[in-house]
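Here come two complexes built around subunit A, the first alongside subunit B, the second alongside subunit C.
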Partner chain A sequence: MSEFLNSLDPRINRLSIPVEFGSTFPEKDQKDQFITFEVFVQPKVSKAYQHEGIVHAPTDEMAFLFAKEQFSRRGMSCSGIWVVRTQEIQVSPITEDGDNIYAYINEEIMEGATTSESTKYQVFHLMKRGKQHVHVGEVEASSPEQALLHAKNSFASEKPVFNLWIVKDSLFMKIEGEDFQDIWNTLPDKKYRDAMDYRATEKIKKFKAEQNA
Partner chain B sequence: MYGGGQVFEPSSLNNDLLKDEDPKKLAEFEARIARGEKIEPKDWMPKLYRKQLIRMIEQHAHSEIIGSLPEGTWITRAPGFKRKLALMAKVQDEVGHAQLLYGAAETLGKPREQMIEDLITGKSKYSNIFNYPTFTWADSCFISWLVDAGAIVNQLANARGSYGPYCRALDRICAEESFHLKYGHHCVIHLATGTPKQREMMQEAVNRWWAPMMHFFGPSDKISTHTEILTKWKVKMATNDECRQQFLDMYVPKIWELGLTIPDENLKKNEASGEWEFTEPDWEEFKRVINGDGPCNKERIAVRRTAEERGAWVRRALAAKTKGEAYVAPMA
Partner chain C sequence: MTEEALKDLLYKIADDQLILGHRNSEWTGMGPLLEEDIAFSSMAQDKVGQSLAFYTLLQELGEQEPDIVAFTRNAEQFHNCQLVELPSGEYDFSLIRHFLFDHSELIRFQMLAECPVEEVAQVARKLKGEVKYHVMHANTWVKQLASANDEANTRMQKSLDYALPYALGIFEASKFENDFIEAGIYPGEKAIETKWKENIALVLEEAGLKLPNWSEIKPVYGGRYGKHTKHLQPLLTEMSEVFNVDPTADW
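Let's look at the complex of A and B:
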């Protein structure tokens, strides 16, 4: 009897996995999970960046690589990806009953705000529960609170916004612009990943006709 | 997409969790769902809702990860370059789906690492069908077409559920599914309309996989207050029987038109009721396999554990880069 798992899969046999590996699991000494990054994708130059989800990664660069595999592997085009550590996102409360979050933002929020040198902030809106946060633009401000006030002046409208995300621009890793476009150039070439490449109606028709003949 | 229809529940999970919920908050929560609005991570939610969703999304994620093993086996031996490319892309999709789903479950407060640990220690389950082996290329074709088809039935239902992050992940997943289904169908058609040897191979795969496929959606739901509440909260969107019926209705004719037979002489559509009739699946075997005694349970878990343990040094080395940064739950 072999002391290693015997699999139908030759690749698994090459791993030489001890038989008892399937039955017990030792405690881990320490947690070794990577932190999470939020990923924003721009599907086309003419479109806004949109929140797509998260990746776990140890660095910005690897977060970008994972994000590229996860969120821009599919689809016909992509023109840019932004990643930022989850903890860097400043989140507003989520409003109830169609209330506009901007209605709650006024000078009072500046009380106690720590200001520093003026810098750029990116602003994201949630327009509907269940949908993604979408990028609406940027503001200059000397604190996140002030960024909220400026966002109100620049982006508030009749349409209620349920939730706001504010992120310091310098904290993003951005892969975009002409220098990086060749990353996504081959997307339309990969026809084998498209349902259109697997038409078979004719084959079934022919087969049925032969059976009936 | 591999997510199984069946969500395995320990008996400890019951409505006791509901007893000490704030009635006013609960009413607001239920009114929101009744209005068709989605629940987002920072919203108040009942403990039972959170627990049940974590369990469901986590099991779905595990099914994607484990499900990629029996198919992945055939990448190196797929017949021809084109099939290799396609199968590689499909398996990559499935692992990607697992990541999307883990991310959605994490927004409810359970870290991914904990979920993976619970998978490896057997504490949390995955779709039972992946405890069966893929002996031939035709087995992998059966999975690509019909197991995916079964999962799609279930996932399209869940995508109408109430939890925002899960719905968003499912929308993205469903968008990738049309390729899997068409690819799988194409593979099966190729074998079923091919040489006598190819036809035989495909028929044998159907014979092997039919019973696990009928198990896939789980036993008939017990009508309990528990189920009622989960339905009201739009956590459970269709019963196991509804999903099974829908699958049979959509795919049995497609299997038959390829001249393949299904190893159940009682399988037929009752034209009067519109329901499919079939031999009751062997639920004793189903239970036995869930509880660890299937042909591949040990191997599936062992492979995951090997990946986890042998990859630990890489994670440790890389994690040094973010030392001191605390993990926080993702946003949406």
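Let's look at the complex of A and C:
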């Protein structure tokens, strides 16, 4: 068995995700580009944060700058963005078919876990393959492993979860709340960034009719 | 305050945004990294969008429609400051210009948000959030590059020194300056300039860049009265090239 998650998707393989939950990502000898950050976007205050993608950046501040224009440049609204270094995300194994990842999480995973002071962890679920991880809530725990167990107690249900992300809350850069709401003020006016806004069919029909006349 | 005075104010704001938006869009496809290419292009688009909002206000005051105003005037009919028309140069200059200009614009919009002319206040209130992000972007980049290594710091300092006389030109007084202040439209260019100097000094100090003694810098004025560098007309000619193929076309 290989050390890293082996997938048919080459993008997954390139990420070298360790099979062992909680182990750190390998360091490259030489950096050929900036490190990556994962970006989570909240479309409106009443909705959950959702993973939207990756940006390369030298710092979390710059990651936010890029994330905003990469992942909240279209749509009706946006109320917040979280960014976190990719390597800080603890990724659970991925299950097959209808298998629920929570079925594999029990007291045993705590064996050998390095514990520290209890802190807040954010929990994300992958409910459908090919879709994005969605934030489900937070748990207090003294290790990522314990966070998994607590996540099971708090968030597991009948519906299978295929993959879990666990991230220490203090590692996020969060741009949200009242102080920042106005930076997305003009989003609904930016229809010109959507293909929908360029309705050419009528014009083409008219043009053709004129040509044929 | 007369309508002529209000138009003077709206024209200089709109023209600054249109010209800087066009200049910054020259980086599209050539930005220093993919993410920044997209971010800088988006902000350039924001600027052009903001100019449209102000040209639309002008249309409501009886001026011609935005496309005509944007695409059919000659350089001497534009009221933008010379800072925004300068060639994009290298990325250090474009960033410094973005930093210097957007800091002034944020203060301008914050002041205009309180303007008794409700139509103007509404636009300013709406757009100032957008500009707030532009300033966050500018501050972060300036700090990041100025503290990166010696070459980066030297280049940023050089661009700053070059841009500052032009940046002071943003605040060239209008002939209606007293009318604006008396009518409470906004506190005037001097007031923006004072606040701007405070705000940029904070960031530049943190970034490790030096501000020269203001009294030793001679502001480059003229833009607000139609006096421009040789760089504006070629920009306008290029910008209106497609429009001029068929000015009556419906896009």
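Some notes on this structure:
Going forward, the second predicted complex is superposed on the first by the 158 of 213 C-alpha atoms of A that agree within 3 Å, B and C clash if a C-alpha of one lies under 4 Å from a C-alpha of the other, contacts with A are read in each partner's own complex, and residues count from 1 in each chain.
One rule holds in what follows: a contact is a pair of C-beta atoms (placed from the backbone, for glycine too) under 8 Å apart; a residue touches a chain by one contact, two chains touch by 3 or more.
Just so you know, these numbers come straight off a predicted model, no measurement behind them.
In the overlay built on the shared chain, the residue A:58 is in contact with subunit B and with subunit C. Using the contact criterion defined above for the overlaid structures, shared-chain residue A:73 touches subunit B and also reaches subunit C.
Contacts of A:156 after superposition: neither subunit B nor subunit C is touched. Judged by the touch definition given at the top, the superposed model places A:183 against subunit C, while subunit B stays out of reach. Counting residues of subunit A touched by each partner, subunit B versus subunit C, the larger count belongs to B. With both structures placed on the common chain, the touch criterion links A:48 to neither subunit B nor subunit C. In the superposition on chain A, A:173 makes contact with neither subunit B nor subunit C. Touch criterion met: A:211 reaches subunit B, while subunit C stays clear of it. In the superposed pair of complexes, A:127 makes contact with neither subunit B nor subunit C.
With both structures placed on the common chain, the touch criterion links A:113 to neither subunit B nor subunit C. On subunit A, the surface touched by subunit B in one complex and the surface touched by subunit C in the other have residues 34, 55-56, 58-59, 62, 69-70, 73, 190, 193, 203 in common. Partner subunit A is touched in their complex by these residues of subunit B: 37-40, 42-43, 69, 73, 76, 82, 85-86, 89, 92-93, 96, 99-100, 103, 106, 111-113, 117, 120-122, 133-135, 164, 167-169, 172, 175-176, 178-179, 181-183, 185-186, 189-190, 192-193, 257-259, 297-303, 305-306, 312, 315-316, 318-319, 321-322, 325-332.
Those residues of subunit A that touch subunit B in the complex are listed here as 5, 7-12, 15, 17, 19, 21-23, 25, 28, 31-36, 38, 51-56, 58-59, 62, 69-70, 73-74, 85-87, 89, 91, 93-94, 129-133, 163, 165, 190, 192-195, 197-200, 203-204, 206-208, 211.
Against subunit A, in their complex, subunit C makes its touches with residues 33-36, 38-39, 42-43, 45-46, 49, 126-130, 132-133, 136-137, 140-141, 144, 250. For subunit A in complex with subunit C, the residues that touch the partner chain are 34, 55-59, 61-62, 65-66, 68-70, 73, 181-186, 189-190, 193, 203.
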